[in-house]
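Have a look at these structures, which come just after this line.
Next come two complexes, and both contain chain A; in the first it sits with chain B, in the second with chain C.
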Partner chain A sequence: MSVRSLPATPAGRLQPRAGGERAGDRYGDDPAWRWATLAPSLAIMLALSVLPLLNLFWLSFNNVTWSGGVATWTPVGLTHYKAVFSDALFRAGVWNTTVFALGAVTGQMILGFVMALYCSRIQRGRVLYRALFILPILIPGIVVGAIWKLMLNYDFGLANQALGLVGIEPVDWLGANETALLSVILVDIWHWTPFCFLLFLAGLESMPRDVYEAAHMDGASGWQELLHVTLPMMLPTIMVTFAFRIVLAFKVFDEVYLLTGGGPGTATEVVSFTLYQRFFTEDRVGYGAAMSIIVIFLVSVLLVLALSARRRSETGP
Partner chain B sequence: MSDPHMVGARTAVPHLVLGVCGLAVVLPVVWAIAAGFRTQISLLVGELWFTPNLASFNEVLFSKTSDFLLNYRNSLIVGLSSTLLCLAAATLGAWSLHRMRWPRWVPALFLAWAMAFNMIPPVALAGAWFTMARTVGLDNTFAGIILAHTALNLPMALFLMSVFVREVPLELEEAARIDGASTPVLLWKVVIPLVTPGLAATGILTFVFSWNEFAVALNLTMKQTATVPVAIAKFAQDFEIQYTQMAASAALSILPALVLLLIGQRYIVKGLTQGAIK
Partner chain C sequence: MSTRSKRGWTRRSAMTAMSAAAFMSSTRLGWAAAKVAPITIVINQSPWFDSFRKTVELYEQESGNKVELDVNPFAGSLEKQRNSVRASKGQYDLLIMNSGWFAEMYFGGFVEAITDIEPGFKLDPDVYTLGDTIYFDPAKKTMTPAGKLMSMPISPLIPMLYYRGDLYKEAGLKAPDTFAELEANARKFHAPPKMYGIVQRGARGPHTVAYDFYPYLYGFGGGIFKDQAAADYSITLNDEKGKAALDYYIRLAREAGHPKTASLDQAEVIQNIVTGKTAHMITVIAAWSQMDDPTKSVVVDKIEFAPPPHVPGVPTAPGLGHWLGGISKNVPNDRKRATVEFLRWFQTKDAQVAATKAGGIPINAAAYRDPVADERKYRWMKPLAEALKHSVNIYQFPEASEVIAVLELGLNRAIAGEITSTVALNSMADEINGIMAKYNYKTGKLEPLK
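And now, the complex of A and B:
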């Protein structure tokens, strides 16, 4: 496995090499082929992401009704935007998604780091553990939902059966207001801790050995080594993993769809689910588009925050 | 998992912690798959021991009311087509961005786009794609969902292929040019053979992500084009949840991922760790 290009150094990956080292500079460039090779990616980017975004933006100022496959657009100005901000479901969604993302990602990072730390210290069995831990990453989100819908079932789920063995009353994991969001967070921790583990392990494996030897010579204890050597050196990887996971957590949909459907009440209502209901279930396309634009705006604010955090960590010690 | 040759506490504690974590990963999967081999009654009364039977699998695969084989075929069509499209576009695009004389802002723009694109909730995109597909008559067609999955995975594929294309020694490309190779020949005879491991890593991940994708497939497909995740969700949405059939179909749906994990673990690790920042 190559650990040379860890997520720790992703910046500028798409930038051309410095010093005019690009091949084209030496043997002459062929503009026709330059365009032809980029054309497929460019076409997909323009047709399937730029155009849809413009489309959404335009939609958000309109009401759309369909009759016989023909759309009728009626301009409504900013009505949709005003309505979104007073939409109780949307507010619940933003709040729950924030709690969910912070809770799940924090749990994944800590657990993943501990696992990676232990895994990097053993000689044998590392490949086996890694294969085992990759499994949840490859399982469809909807199947993760199905697995845990069975596991957390009130009547026959393994979780309640295990509690019964030690004499604890069964818990209505997915049906009770107090536990529903927590259950969804725990399921997400199960699903994505392995991913954090994988990145952290790759980061730990690529750390130079001599730093540890030096720390050892200076008589550093295990904790001192962790606090003053491992954590500072892993900081870029940690920040990138955090930013990456938080973005994905904000998009959560599949597990919630299957596990709770946003319920009970609005206990597990998340942004993507509200979006889905307004746009598709209720077929309020214009309103859904306005909500999408607001969500995209909120998420880009998040991106800017994450990026500035990373820049700070890069210029740090 | 403790090693008989090294019984010291130094390795016992890590193996204990990792073993418990491993169990926590595997147990729910195994237990849920086992539920597919039970009768609904055996599951509902919570028997720990049961006689395995294939009734649920039979029902899911061969019953007249089940479309699961069709869904499986659909998922294969969508997964393979979008993976091929992604690999082709990403290999050419990555090579173009890194080895051709583009102004600096072009690669930078692609990088920014890839990052921004990954932040948009798929449901929001599905909304826009749905409206567009309906307008041009591509709703409920394979073309619509294949293009959607290609667009979803292209940023990741472009990133990964950029890493691998840049590992191709410049000297080899120059030598081929000096020998008079045209651009297609250079790509086909020099670049592509050298990035084959990268293509494997990118291809496996793209396929798995397409196979797993639910939010967009739910909204862009109908009965005839529905993919596996959409079908599994149906089991849970029914008025009376068919738990054992849901478990059986879930078990069947992770087969491709298990096969890929067995034959391509190192490619998956490579792809995941290198593509971490999409």
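And now, the complex of A and C:
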């Protein structure tokens, strides 16, 4: 009898056969078969992710120069790594990126949650609201930069013209140290809140209604429902959304590149922008590779922290 | 001609075709070029690009040869060029190289001398050599006419002083020759927020505030290096002349300029002059065509042009921000020869007059002597011809981008008031000295400014 003909249970597991023999053992226990089936996926993964990473890692210990159409690799040991930590632009970038990521993601999470909550509770115009709320995420980053650069222009921008109508002096949104990073954060909140909104809305709409009915019967108020039912049950979704957004926010580039170019001074310098300058503009590929490895490490640490927080939230105290 | 642009051309294709047809029918050069292989040119999307495209279309019509243009943003063009020249077989035949990176292509051996491809090639004696940057001696690593002819000027861009001729006429003033005159005139017209005396670029970018600071630095008799031609890269940026230049730039911005100079980029500077909000700007000459375009400008026919000012005893010193065309070494020989044919045509007076009429900046001095230069529309040509004689090649080494990055940050911080001019100059000098030492150039630095 062929074990492959056994039907799967709803949970997806194969039923054990009489005598203790499990279906699928013939192939599942065969290491050669297991490796043979895994090999194509492994090969593709190696080719597309691990090998480039290894190449980047190796590059970070070398200087590369091109002359006469030939690339020359010169080993320099840990020189680049030492230099990265004394690079004032990189240090400013790490600080600004941290402030940016925390500020932007916090704003997006709160706004996205409020919008999702609103959308999940209304009956009329739900589709219209959803369409309106997700519009910003559909706009390419380069267009977002162009739109907001015009809106925040000191002389001709819509923001300052609006302020002028109520007698307030124009603000140099993108050119003053005090407002530049805040402006970029606000633009990012505008751009990416729909992402949080969509994930939260999916989470809210998949929540069991009977829990709410029970809370309602117990006389819970709207706030109590939110604090003691919705938020605890949404915690895994919130953590996943936070993990996604914090990683993406740490890699911010296009908005900074288009709006401020890292300025004024280093007020909006972010790590991806520093990396771009060192790697591409200045063509220091070895140094840029070392900086990339450090950034990858930092983002990985963030991801691990966020995922472990999610696991803790799922398992509870 | 076909183009591959990220921005695309479909939107204006009908109008472009009509204007190109009109331009071509009005400009017959009587040129008979050899039939050669199709070539591909990698170029950036700049204000002067449209004139180059029209000039290339004219070449195609005259010669019957095919040219493909690959159009990119500034930084994207450099990346594509690097990728192409570092591959075993190049994708692009003609590289349109900016003053910020042509040295990288020369020193790296990525472009082939025109005279090595066609030993009989003669450079038109009226073509501007732009600080001799079209020549390179691979053995001595110097740019002098003793070297080989490596490239052809494509657009001889330098900054020029744009000023409101109508206001000057009313006030009975003459074009400023010195920095003192510029400052006095800027103060006279300064009535913010309606009118700024001058609007300067102060934002940090790929080559932004530094490029606009060069005419001040060199016009004050200063410089970044002691003597590049003699391979002496000792840093002189933080001498008294450099300090005077930066102090002047900042003073002009604060007392007769835009209140947010530190955040202004080129588009915003130009926006200020075409909306009638400033009496002066010192900006690359490529912006001239926007001044008289009634769809973009409220100051049509009111802007005049002059070489950038200087201090007495020092000539005007606009920094070169030019574009050169170099032929890739790693492309087939027939395409190299085809590219030489294009350049042979492009350098002629007739082609350059046609380029001027299409909105370009001619590379041939004879075009500036043509009657076209007397037309009101082309009133910038004579002052430009005067200024080009004094243009300064700021960098003669391939690692210039690292130095530019240092200048961009330091100058922006000084203009924003984050640090003083003294601190900015000393710290920039330190960093540049470190860069030059890292690449084993002969360098050194002055005592820090007090």
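Criterion: the second predicted complex is superposed on the first by the 270 of 317 C-alpha atoms of A that agree within 3 Å, B and C clash if a C-alpha of one lies under 4 Å from a C-alpha of the other, contacts with A are read in each partner's own complex, and residues count from 1 in each chain.
Here, a residue touches a chain if its C-beta (ideal position, glycine included) is under 8 Å from a C-beta of that chain, and two chains touch if they have at least 3 such contacts.
These numbers come from a predicted model, not from an experiment.
Novice: In the overlaid three-chain picture, which partner chain does A:A202 touch, first (chain B) or second (chain C), both, or neither?
Specialist: Only chain B; A:A202 stays clear of chain C.
Novice: Which partner does A:L89 reach: the first (chain B), the second (chain C), both, or neither?
Specialist: It touches chain C, and chain B stays clear.
Novice: Which partner chains sit in contact with A:V99 here, chain B, chain C, both or neither? Use first/second/both/neither.
Specialist: neither
Novice: Please indicate which partner A:G265 is in contact with in the superposed arrangement: first for chain B, second for chain C, both, or neither.
Specialist: In the superposed model, A:G265 contacts chain C only, not chain B.
Novice: A:A71 contacts which: chain B (first), chain C (second), both, neither?
Specialist: Both partners, chain B and chain C.
Novice: Is A:D172 touching the first partner chain B, the second partner chain C, both, or neither of them?
Specialist: The answer is second: A:D172 touches chain C but not chain B.
Novice: Should A:D155 be classified as contacting the first partner (chain B), the second (chain C), both, or neither?
Specialist: In the superposed model, A:D155 contacts both chain B and chain C.
Novice: Touching A:F280, do we find chain B (first), chain C (second), both, or neither?
Specialist: Touch partners of A:F280: chain B and chain C.
Novice: Does chain A have more residues touched by chain B or by chain C?
Specialist: The partner that reaches more residues of chain A in the superposed model: B.
Novice: Where on chain A do the contacts from chain B and from chain C line up?
Specialist: The answer is residues 66, 69, 71, 153, 155-156, 280 of chain A.
Novice: Show me the residue ranges of chain A that touch chain C in the complex, using the header's touch definition.
Specialist: Contacts found on chain A: 66-69, 71, 89, 153-156, 172, 174-177, 260-266, 277, 280-284.
Novice: Any idea which chain C residues touch chain A in the complex?
Specialist: Listed in rising order, the residues of chain C that touch chain A are 75, 79, 82, 85-86, 104, 107-110, 193, 203-206, 208, 259-260, 262-265, 268, 271-272, 275, 277, 329-330, 399, 401-402, 405, 409, 412-413, 416, 418.
Novice: Taking the complex as given, what residues does chain B use to touch chain A?
Specialist: So the residues of chain B in touch with chain A come to 1, 3, 6, 10-11, 13-15, 17-18, 21-22, 24-29, 31-32, 35, 43-46, 48, 88-90, 92-93, 95-102, 104, 106-108, 110-111, 113, 115-132, 134-135, 137, 147-148, 150-151, 154, 158-159, 162-163, 166, 170, 173-174, 177-178, 183-184, 187, 208, 211-215, 218-219, 228-229, 232-233, 235-236, 241, 243, 246-247, 250, 253-254, 257-258, 260-261, 265-266, 268-270, 272-274, 276-278.
Novice: Contact residues on chain A for chain B in the complex?
Specialist: That would be residues 1-3, 5-7, 10, 13-17, 21-27, 29-30, 33-34, 36-38, 40-42, 44-45, 48-49, 51-53, 55-56, 59, 64, 66, 69, 71, 111, 114-115, 118-119, 121-125, 127-143, 145-151, 153, 155-156, 158, 161, 190, 194-195, 198-199, 202, 240-241, 244, 247, 250-251, 253-254, 257-258, 271-272, 275-276, 279-280, 285, 288-289, 292, 295-296, 299-300, 302-303 of chain A.
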